[in-house]
Structure formats: C-alpha cells, structure tokens
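The two complexes that follow have subunit A in common; it is paired with subunit B in the first and with subunit C in the second.
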Partner chain A sequence: MRDFEYCRPQSLKEAVTVLAEKGKGAYPLAGGTDILIELKRRRLPASCLVDIKAIPELRGIEREGDALRIGALTTHSELLGSSLIQETVPVIAHAARQMAFPEIRNRGTIGGNICNAYPAADLVPPLIALGSSVLLASASGQREVGVAEFVLGSRQIAILPGEVLVAVKVPVPVSNAACAYARASTRKTGGIAATSAAAYLSADGGVCRQARIVLGAIEAKPRFVAEAAGYLEGTSISEDVAKAAAKMSVSGLSPIVDPRLSVQYRSYMTELMVRQAVLEAWAEVNR
Partner chain B sequence: MRYEITVKVNGEDYEAYIPARRTLLDFLRDDLGLRGTKKGCDEGDCGSCVVLLDGTPVNSCMVLAVEVNGREVTTIEGLAKGDELHLVQRAFVEQGAIQCGYCTPGMVLAGKALLDVNPHPTTTEIKEAISGHLCRCTGYGAIVEAIQAAAESMDGGQRASGKTGRSD
Partner chain C sequence: MIDAREKVTGKLEYGTDVVLPGMLHGKVLRSPLPHARILNIDVSKALRLLGVRTVVTGADAPAMPYTVAGQVLYDEHLLAREKVRYIGDEVAAVAATDPDVAEEAVSLIEVEYEPLPAVFDPEEAMQEGAPLVHEAHGSNIANYMNFSRGDVEAAFARADAIYEGRYVTNLQHHGYIEPHSAVAEWDSSGRLTLYIPMQAPTLARMTYASALGISPERIRVVQCHIGGAFGGKLEYKLHPLCALVALKAGRPVKMVNTRREEFTASLPRMPMVMYIKVAGLADGTIIGKSLRVVADNGAYNNYGPGIMLSALLRHDNLYRIPNLHAEGILLYTNKVATGPFRGFGNPQGIFAFESALDMLAEKLGVDPVGLRLKNASQKDDLTSHGWKLSSCGLSECIRSAAGAVNWTGKRGAHGTGRKRRGVGIACCLHVSGNRSFLPFFDGSSAYIRINQEGKAKIFTSETDLGQGSRTTFAQIAAEEIGLNVEDIAVALVDTDISPHGMGTWGDRATTLGGNAIRAAAIDARRQLNEIAAADLEANPKDIVAENGRLYVAGAPDRSITIAEAAKIFSYKQAGAILTGQGSYVPDDIVSVIDPKTKYGNISVAYPYAVQAVEVEVDTQTGEIEILNLAAAHDLGRVINPSAARGQVEGAVAQGIGYGLTEEMKVENGKVRNASFKRYDVLRAPDMPKMTIEFVESNDPNGPFGAKGLAEPALNPTATAIANAVHDAIGVRLHELPLTPERVLVALRKKTEV
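So, the complex of A and B:
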C-alpha cells in the first residue's frame, strides 16, 4: 500500500468537514474489507482515509413509521443477528448470511456494500427490490436518494464529493407483500455471487398485485426486469408462471465478463435464481 | 504518515508509532514479533491471519493497526496459560487436527470464539464458524471433531463471554 493519512472523526459534522477539507484523495473507511484490497492492489489513489467508525449517527437499526432505518455502519453480522430485521425484512438477514464468512461479516458494513457498488454486492438487489433509499450527508446538507438511482454501475455511485452515507431507509413490506433473494456462487461459503435475483411481490385475493424483480452480479449494474414483473402482475403465480417470468428475465441481458464462468452458464443460473426468488416470495406472501 | 497507538495484545499493553498503511497482521508479526499469526493470501480470503479483536474473530490483514488503537487483540500466543494449553488447543493436539500447521492458529481462534458465544454448537455451526479458513492438507474433518471435542470437555468455568461483529 502507498502511504496515506488517517483520521478518526468523532461526529458526522467533523467527518464531513474533514472530507471537504481533504478533497479528492480522501475516502471514508468503514469495515475496510473492500477498500483495503483496492489499496493493496494500488487501484485507488487515496491520500487520506477517514475512519467513520467512531461516528454515533451512523449506527443503529430503528423502526421509523413504515420503514426501517439501518445505520451505515451496521455490519453483516449485526444484520443477520437483529431480531428487528428478522421480523420486518428477513430477506436482508438472509442476504447478509449468504455473504463471505463470519470474519468478513464481522467487519463489512451495509454502507460499504452499497458504496463499493461491486456488481456482486449481495445487499443491493434486495434493497432495490424493497424500494430502499440512502440518506447522505455532506458539509452542505442532507439528501435522500433511491438505491436504484444511487448505484450507477460497477464501482460507480451517485455520491457527491465530501458526502457520507449515513443510513439506509428500507420500507417494511405490508402484510400481504414479501421479498426473497437467491444467489448462485462457485462456492457454498466465501464465494461471491456469480448471479443473483431479488423478487418483491404483493398480493390481493390470491392474485399478484405488484412485482419487482432485480438482477444482481450478471450485469455491471443491478437490473430491473420490468417485462417479467409485468407478466407476474395480475396472475396467480404457479411454477409455470414463475418459470416463464424467469425466462423473460434473461432475454436481452449484457452480462459482464467473468473469467470463472461462461455467460451461458450464468444466464441459465440467473433464470433459476429468478424462479426461486419469485416462488419463495410468493410462498411467503401467501403464508 | 505515522501515528501513535496503544493496544493491548494478549493482556500486555504496547505503544507504537506506526505508518497508517501498516496492517494489524504486519504489526503483530513484524513489530511485535508474534509470528503465530500467519500471512497467507493477505486479502481476507484464507483465514490464516485471523485474530480476536475484543473477542470477535477478524482477518488481521483486513484491519489497519491504527484502527485498533485502544482495543484488545488476542493472538494464538495469548491462549495458553503458561504451559497449560487452552481446551481448544489441547483438543486439536488430541484429535490430530494438525498437519502443516499453517491454518491452525486461525482455526483454533475461530473455534474458541465460537465456543465463547455458543458452548454447544452443532456440526453445521462449527463448519460455518470455520468457513472462512482454508486448510490445504484436507484436515477439515479432524478440525471439526476437535472443536466438537473441546466443546464437550468444556465446563462452565472455562467459558469467557464473547461478542460478535460490531464495526468497532
């Protein structure tokens, strides 16, 4: 790693001031499980790491009306151990459990997972399917952006210079709605997703009212598959309906190159993941 | 840039003046001479550098030494009390769960951290706890059995309280 400065602000105000002062080469440091690899491989021109872990405003999981507010520093271990998450958005705990292994989950954070914007980031597809947004703060104020609009592509996010992701706002699905996430990997644990799918479904009288399907890992950017979602809406979802929607989901994809796995295989697995996520979400809705 | 840190390692206080880019792994091995912690992939993938940070297992190659200022680190050297091995260490010896030994410090610490929070783990829970640790001598079976045996041999007094995963 190249030499850099390090500082550990104690408040959000102090952090955004430091980030504004240090300018271009300053990066927030959360769990470090992504950024340290970038620094070791000399792919990031960082001159200063602003360790945000002492900032109290970035912590905690709370219910705020019909949404959950998850602090940016919440680790994957905390996500999967939270009874509040388990009761309100179990899909987030499920996605966190798919990631890496205990040691990385003990350090890696939800804020880092979103800001790193790796195509295979496991929390991103379910967060988008749920209609989540991120709360951002800078020296000049606060704003809220949908996760779908925030993640622009592989390692690209709509963050402004000097901004810190403070928290993620996740709408809690109403009683007749549910979200499920399925991912395929080369390894059972420790392997990143080769492809993944999240499905959010709501129902009314045994018929699907609203559907959102989001694909992860296969393309540079998480993709909404509107056609397949539209196909599900108004139907009573069966195995065959899910299968047809899954097939629709993979037409016209532009998969990123993955040296480990062929495009053909990943497309096929994407289809299976969509089918699985749709059927799981539907079973949950009708429970 | 260099920074002053104070850190408790295996119960002893250390003060150091170190560059921000020094990883906790390199700090332990090169500055403190604690070479029980192994350096494998240096990218968080293999588990040979795992140590306990305030009781929680982490990959020390993925932590900067400056980040642990004021915290407590336990390495494999800190488990035995004098000549008396920790129960997990003893179980590894008795079950023959060691071959080349490179993954052993990380495996033992992961096993200890598991038993601290879950004294009666299932085989699945043990496998999950060591899922971030690679062993290339194909010794997983014996390692799982050793952690199971350590759990069985443990009595209430030996158990410390542990914590899981909070980002400091």
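So, the complex of A and C:
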C-alpha cells in the first residue's frame, strides 16, 4: 500500500472544502469495503482519503414528498432493517440483503455501492428501474443526476473533482406500481451476482402501463432494455408474455467476462432473471 | 477442546503473529509467465529503495536441486534459475523494514523473459513434441505406474455387463483460513530456527536441509499453531526461502503469503483424467476393473506419485475384486504444482470408480446399495492389493447411510416437475498412516513429563492442525495416567525438544501418535505406581489412579496425589522430572509395499466412510440442492465425540465444495479466480441438513480401537452427490464440479438423444 493522507471532516461544508483543496487524488472514504481493497492492490491513485463518516448530513432515511431521501452513509444493514423502506420500496431492502455477508452489510453503504460502480452492484439495477437520482455536493453547490446517467461503466462514474455524493433520491412507486429484483450467483449466500435484473411495472385496469427493465452484472454498465419494456406496455402480463420479454432482453448483449461462469450460461440465466423479476413485479402490482 | 477458549477469544497466536526483535519482512517476486527463459534480472532499483535490506535471486540459492521428503525426483530450486515453469514460480525475494516497502521493492525488480511455448493440458503434455517443462528430465512424464492383479482381460471376456467411462476432476484449493507463513532466524553459530505452521516438522527439517544445502542438525523447526492445513501445510517453499533471505539479510525475516499467492502458488489438489472400465456378473458380483489415470502434476513433482497411486488403487480395497489393472501417467504441465490435500488422490479415484459402479449396477439391473453390500470387503480380508483389514465396518456404514436417507423409499422416485429429486451413495476406505511414504521408519514416539505440581506435558511429533488432536492426545494420556484432562498440556512440536516423527497427515495422528502417547502414559504410570506402592506399603500392580490420586485398589481412603508422587521422584533423582517414554512401531513394518507391483499392506488400520445424499435438481437453472446428507463413518472408536463430529462436518463442507462449487479456473496458466470472492468455498448457511453416524469397529491396532477420520470424511461426498443427480435426472455427469451449466448441458444432450 502506498502512503496517503487521511482526514475526517465534521461537516459537509468542511468536507467539500477539503476535497476541493486536495484535488484529484482525494477520495471520500465511507465503509471502506471496496476502496481499501483497491488501495491495497495499488489500483487507486489516492493521495488523500477524506473520511466522511462523521458528517451528519449524509445520514438518515426520510420521506420527502413523493420520494425517499436516503443518506449516502446508510449501510446495507440499515436499508434492510428500515421499516420506512420496507413499506415504500421493499425492493431496495431485498437487494441490500443479497449483498455479501452481515459483516460487509454492516459497513458497506448505498453511496459506496453506487460510486464504486462495480457491474455486479446489487442496489444499482433496482435504483435505476425506480428512476432514482443522486444528490452531489461540491464547494460550488449541489446538483442532482439520475443514477442511470451517473453510472458510466465498470468503476466509472460521472462525478466531478471535489464532489461528494450526499444522498440518493428514490421515487416511491405509486399504489398501482411495483419493482422487483432477481439475481443469480454461483452460491446460495454471499455470492457476487453473476447476472441480475430489476423490473419496474405500473398497471392500469389489468394492463401494464409503464415498464422499465434494467440488467445488472452482465455488462460493464447497467442496461435498460427498452424493447422488452415496450413489449410489456399495453399487455396483460402472463407467463408467456414475460418469457417473450425476457428473450428480447438478452438479444445483442455484450457480456463482460466472469471467470466463474460461461457467457452462455450467464445469458441464459439473465433471461430467467428477467422473467422472474417481471412476474414478481406484476404479481405485486396486482396484489 | 483444550485450546477452545484461546481460539474463540482470538488470542491464540498463529505463525503470522510471531514477532522477533530486529525482524525484517520479506516478499516474493513471482513469475508472470507460464513458461519462459530468464534472460536477465536487474535488482538495482529495488536495492536503492529506502528500507530494503537485501534482494536474493536464483544465483544466491543452492545450485543443487531438492525435493520433498522420501521422493526421488529432484526438480526444485528455492528460486528459479534458467527458467520459470508456471505463473507464480519464485523468481526473487526481498527483505525490507516493513511489508509495504518489501512489496514496493518487488515491483522494482526488472526481469527480462523470453517466453517459451507452454503446455497446460496433461493429455497434451504426453504428446510427442509438447513443450518440455523440465528439459533435463527428457520428457513430461514425471512418473509411470502399471500393475495388475488376477486377469482383468479374462474377467471382461466373461462379464454379463461392462461399463466404460471417462471422468475428469478439478483443481481444488485447500481454503485454509490461515495463509502460509514463516519466520526465520539464524543464530551467531550459524544455526537456523524456523517458526512455521507446519504439519510435519521432522519432514520439514529433512527437506529444508537439502534445499538449503546444510546439515539437518543446523535446523530447528518450531511449529506454530496451525489455522487449517488439510494437507497443504507439509513442505512449502516459502519456509526455506525465508531462511535464505534471512541468511543474506543477517536479520530475522518474516514472510506471509497473500491470499492471491495462496491461490496461485500453493499446492492444490491434483486434477486427473480417468478412463475406467468395470465388469460384473448378472448376480451383481464385480469381477474386474481397469483404470487409467492421466494425472496433472503441475510444474513440480512434490508428492505427485503417491497421490496418483492412491487414486489408482485405494478404492479397490473396498470390495472383493480379484481382477484389476491400473495404469498411471503423471505429467508435468506449466501450471501450479499440486500436492497433498485431504484424501490424497482418493476422492479423484472414487469419483471415477463409485460413479462407474452405479452405471454398472444400472446395466445389470441391480440396486447400487445391494451391489455394494454384495461385494463389500469384510473384517480379516486380505484384499487384492495385500491390505489386511483388521477391522471393517463398511457394510454397516452402507446400511446406516442408506437408511438415513430412506433409500428404499426414495430411490427412483424423482417426480416429473421442474425440480426432481434423487438419492445417491458412495463409499470409501482410507488409511491410518501410510507406511509407503518414507522407507526408513514408520510409527510414532512420545514422552510425557509430570512435574511436582502434578501437571503433565506431552511431547509428540504429531501436530495439531486445528482439528483438536492435542485434546485427543490429552484424553488418551489422562485415561492411562489417572489425571484429569485439564492437568495435561500438549507441547507444540519443536525439533530440538520433541521426538522426531512423521507429523500429521494420512490420518496417522490419532492412531499412530495416540498409540505412542498411550505407551508413554503407561510408562509414566508404572513409575508413579512404584512410588505410590512404596509410600502406601503395597504392590505396584495393586495401585489404581483416579482424578490425580493414587491408592491401593479397594482402599481409596489412604492415597497420595500424583503431584506428591512426582515430587518424591524428583527429590530422589536430584531434580529430574518424572518422564514416561513410549514408542509405537507397527508390527509388520518390514512389509513395505513393492515399488513395482505396489502390493503390500500400507497401513495398520483402515477407516471407512459411506455417505448418502438426497438432492433436488432444478431442471430449469441446473442448480443442485442437497436436501439431506447422511455420513456413516467407521472410525474404530470415538475418542472425542465433538471433535469427531467437527471433522465430519468440515470435511463434508469441503467435499460438497469439491463436488459443486470449488474450482480454480486456470486460463493459459493463470488462475482467474484467485480470491475467496470468486472461489466458492461453502459457508455455514450453505450447509445442508446432515446426520452423522459413527460405527465403532474397534480396530485391534488403534489406541482404544481408534482409526483415522479426517480424510475419509471428504472422499465420498462429491461422488455421492453425482450419483444422486443421476438418480434424479437420469444423466451421468463426468466432470467435477457439478456446475449448473454442466447439468443443463447434460440434460439438453439427453433430450436431443
């Protein structure tokens, strides 16, 4: 591990000042479950770690109108334990539960899961399917960017120097809408997703009105599958419809390499995961 | 467990916790190429880095090649000389003031390589014109075996059914949590002390003396507490390499493998390609079997021949099969060298053989359990390979395991839905010590000292790998001496103090070590009895001992404590400590196996294990779920029930991993999943429901009847699963691990047919 500076600002204002001062080599440190590994492997050109864990503005889960505001420091364990999330966007709790083990879930944060931009990140596909956005702060102010636009690729995010992720804004699905997440891995517990799918559906009179399907882990970047979503809209979703939509979802994929499993098997499982997510979301909508 | 408190509170000190004054930290530069000539090594930049004390390369290491204890193919050097043979091969090593500086220095060493064509597949390595891994050896064939019993061709000619198949097994890592480590220190007289987590300190001393080109007398090995070994912590190059670096640095040096190094440069399980043919009669009698094994040694030989031999013949002794043929070809490839791993070749051979038996049973129209029971070896059999079965609970284990999964109720009842269920069974026998290992001696010796406070300390050469053998040893001694277990400690092995012996592998610790400790305890007790008899005015043979007190049988009111007796001994002998000595030498030690025919009784006692499983196969995803697993084990006699259960549970976890999830994925010589993140060992929530049954056959050669347990508990697991999958979905899987993808491909092939 190379030498680096460390500081622990006590407020958001102090944090953005430090980040601006230290420039390009400064990285915010939250749970550290990814960044410390990257540092040890010498893959991160960090000269300064700005520990943001003491900043109160980055904590908390609150309802703000039609959306939830989830502080960047909210851990996976807090997500899956929150009754507010269970009541409003249970899919987020479900996705958080899939991630790793209790030890890691107690440390790893929602902000880190997004900013690390690991293709297999479990929170990202459902967040995108729900139409979520991130709130970013810097010395020059705040801005809001959709998660879909923020995650650019494997370990690439649209963050500007001096910026820190403050919170995630998740629209709460209306009463006739739901989101589901399905993922496949090589093991029952704790395995990294080999492929995953999130489906957001809304219905009107037994017919799907709006559909968003997002694939995770299979490509370098979460993928919207517009064709399959369009196919679902205006139909009454059945097993066969879901199957057909799933088939459409995997045409033209450019899967990244996962040494554990072949591309063929992962594509096949992607199809199954889309089918599962669509059917689960549809069942939830019609509950 | 005598060390449970220290373990669960995290206070037990392992090899990585050893710190010596002035100690430096070492790191290894490993080859990034699978096969290449080394043209030049430039260490100047590394040496200029602040904090770097020394850099060693092949030129600093002894020119004489070495190998591990008892082997004859001298093919290793501490650091690569002319060329590198696999990705991970040791090229140079650094000592620096801290691990980060050492790592930085390693990255500053510049090596110029000329890449050479490489060979990764053992069957390709056999071909004419394949790149040679060791040119001086003249061929990639590191070892060749060919032997027969009876007349296998005649048996095939008169068989009612014959099954033939090709089976392939995977490269599995031991997955011990504690990485390899070493701390090396040379004293002013030029004597080396190595603090290492090591299964066999005496073997270490022999091998490392040869690797370093010094007399064994100049090496003291101090065993550290071991955080899991599973066969992977026998001789390991990091230990003598650390000594070499410390010698050049003139300071103590510590070296610890990273997890990545563990997955690229340790000694994982040997993959094999196996061609098997079995023949039977209509009544279910197995009359012949031939097996050809093409084994993947990797870049160095290590204990390869023994591992291949075990795969070739061990399972034959399960049944009364008169006609056998075995051919083994051990090949060098440009991959990580393989080595001993729980089962030592046996799980591989069992996968081919016990899968083939189910296929033969199907062809003959007989039940697999019935077939096994009909042919099962029995107590007092002399097997076709010359093994003397002084105890045998195999049939009882088969009945127990089959009963525990409701075999008769579930076999064949797989259903027709998306998820299908099936049951399967597989058997194994193993050794309790393997006397074919070192030609010069076998057995074990021990001594026990009892001090004036009535506390005993056992000195043995058999190490505790974390499985709890120290507790078992204390229990055995307590039983004979009459002390409470809490008053008995077991010393870690120190070759300056402990007896010299083989160490813990091949299921030898409880059986051989236990016998020696029992003998030493009896000797100590004899001396205690004499002192007590004098004090109590009685005959020594009338003295009984209990809870640390000695008294005349029938008269417990007048007694002396063991502490008092030991004190009397010490005062009379000018401070000597009462010491019991004991050795156990297997009685027909001369009958070492024939090097050509491999015939001969290789162990004093043979443990058996039978596992049966019920699985559910999802025909849509290919996933296999184990619903129930029954493990029936003939371990002779249970000495410590919770340790015995622990052995079985852990082994089953490792066996399921071998069968379903664990595989080091090697692409062009590079391990692609070199971390626990992408190498799937089972964790607690992944474990199925399990029932464990111990069959006590009381072997006459074991201490209180005990035989080995650790290895047999893993051997049959993967194959029992494969057999259950066959019952569930009617397809035979020929390759481990049984991944969902392989299940789907096999199912698709079946529907196409």
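The criterion applied here is as follows: the second predicted complex is superposed on the first by the 287 of 287 C-alpha atoms of A that agree within 3 Å, B and C clash if a C-alpha of one lies under 4 Å from a C-alpha of the other, contacts with A are read in each partner's own complex, and residues count from 1 in each chain.
The rule we apply is simple: a contact is a pair of C-beta atoms (placed from the backbone, for glycine too) under 8 Å apart; a residue touches a chain by one contact, two chains touch by 3 or more.
All of these numbers come straight from a predicted model, not from anything done at the bench.
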Which of subunit B and subunit C A:T189 touches, first, second, both or neither: both
Touching partner for A:Y118 - first (subunit B), second (subunit C), both, neither: neither
Which superposed partner A:T33 touches (first subunit B, second subunit C, both, neither): first
Contacts of A:E78 with subunit B and subunit C, given as first, second, both or neither: first
Partner chain in contact with A:E5 - subunit B first, subunit C second, else both or neither: first
Which partner reaches more residues of subunit A (counting touched residues only), subunit B or subunit C: B
Partner chain(s) touched by A:L49 [first = subunit B, second = subunit C, both, neither]: first
Touched partner set for A:R107, first subunit B, second subunit C, both or neither: first
Overlap of the subunit B and subunit C footprints on subunit A, listed as residue numbers: 1-2, 101, 188-190
Complex interface listing, subunit B residues touching subunit A: 1, 3, 19-21, 23, 42-45, 47, 50, 56-59, 61-64, 66-67, 110, 128-129, 131-132, 164-168
Touching residues on subunit A, where the partner in the complex is subunit B: 1-6, 29-33, 36-37, 39-40, 49, 51, 53-54, 73-78, 81, 100-107, 109, 188-190
Subunit C residues touching subunit A - in the complex, by the definition given at the top: 100, 104, 620-622, 661, 665, 667, 672-673, 677-678, 680, 682-683, 685-686, 739-741, 744
Subunit C-facing residues of subunit A, complex: 1-2, 101, 184, 186-192, 259-262, 264-265, 268-269, 272
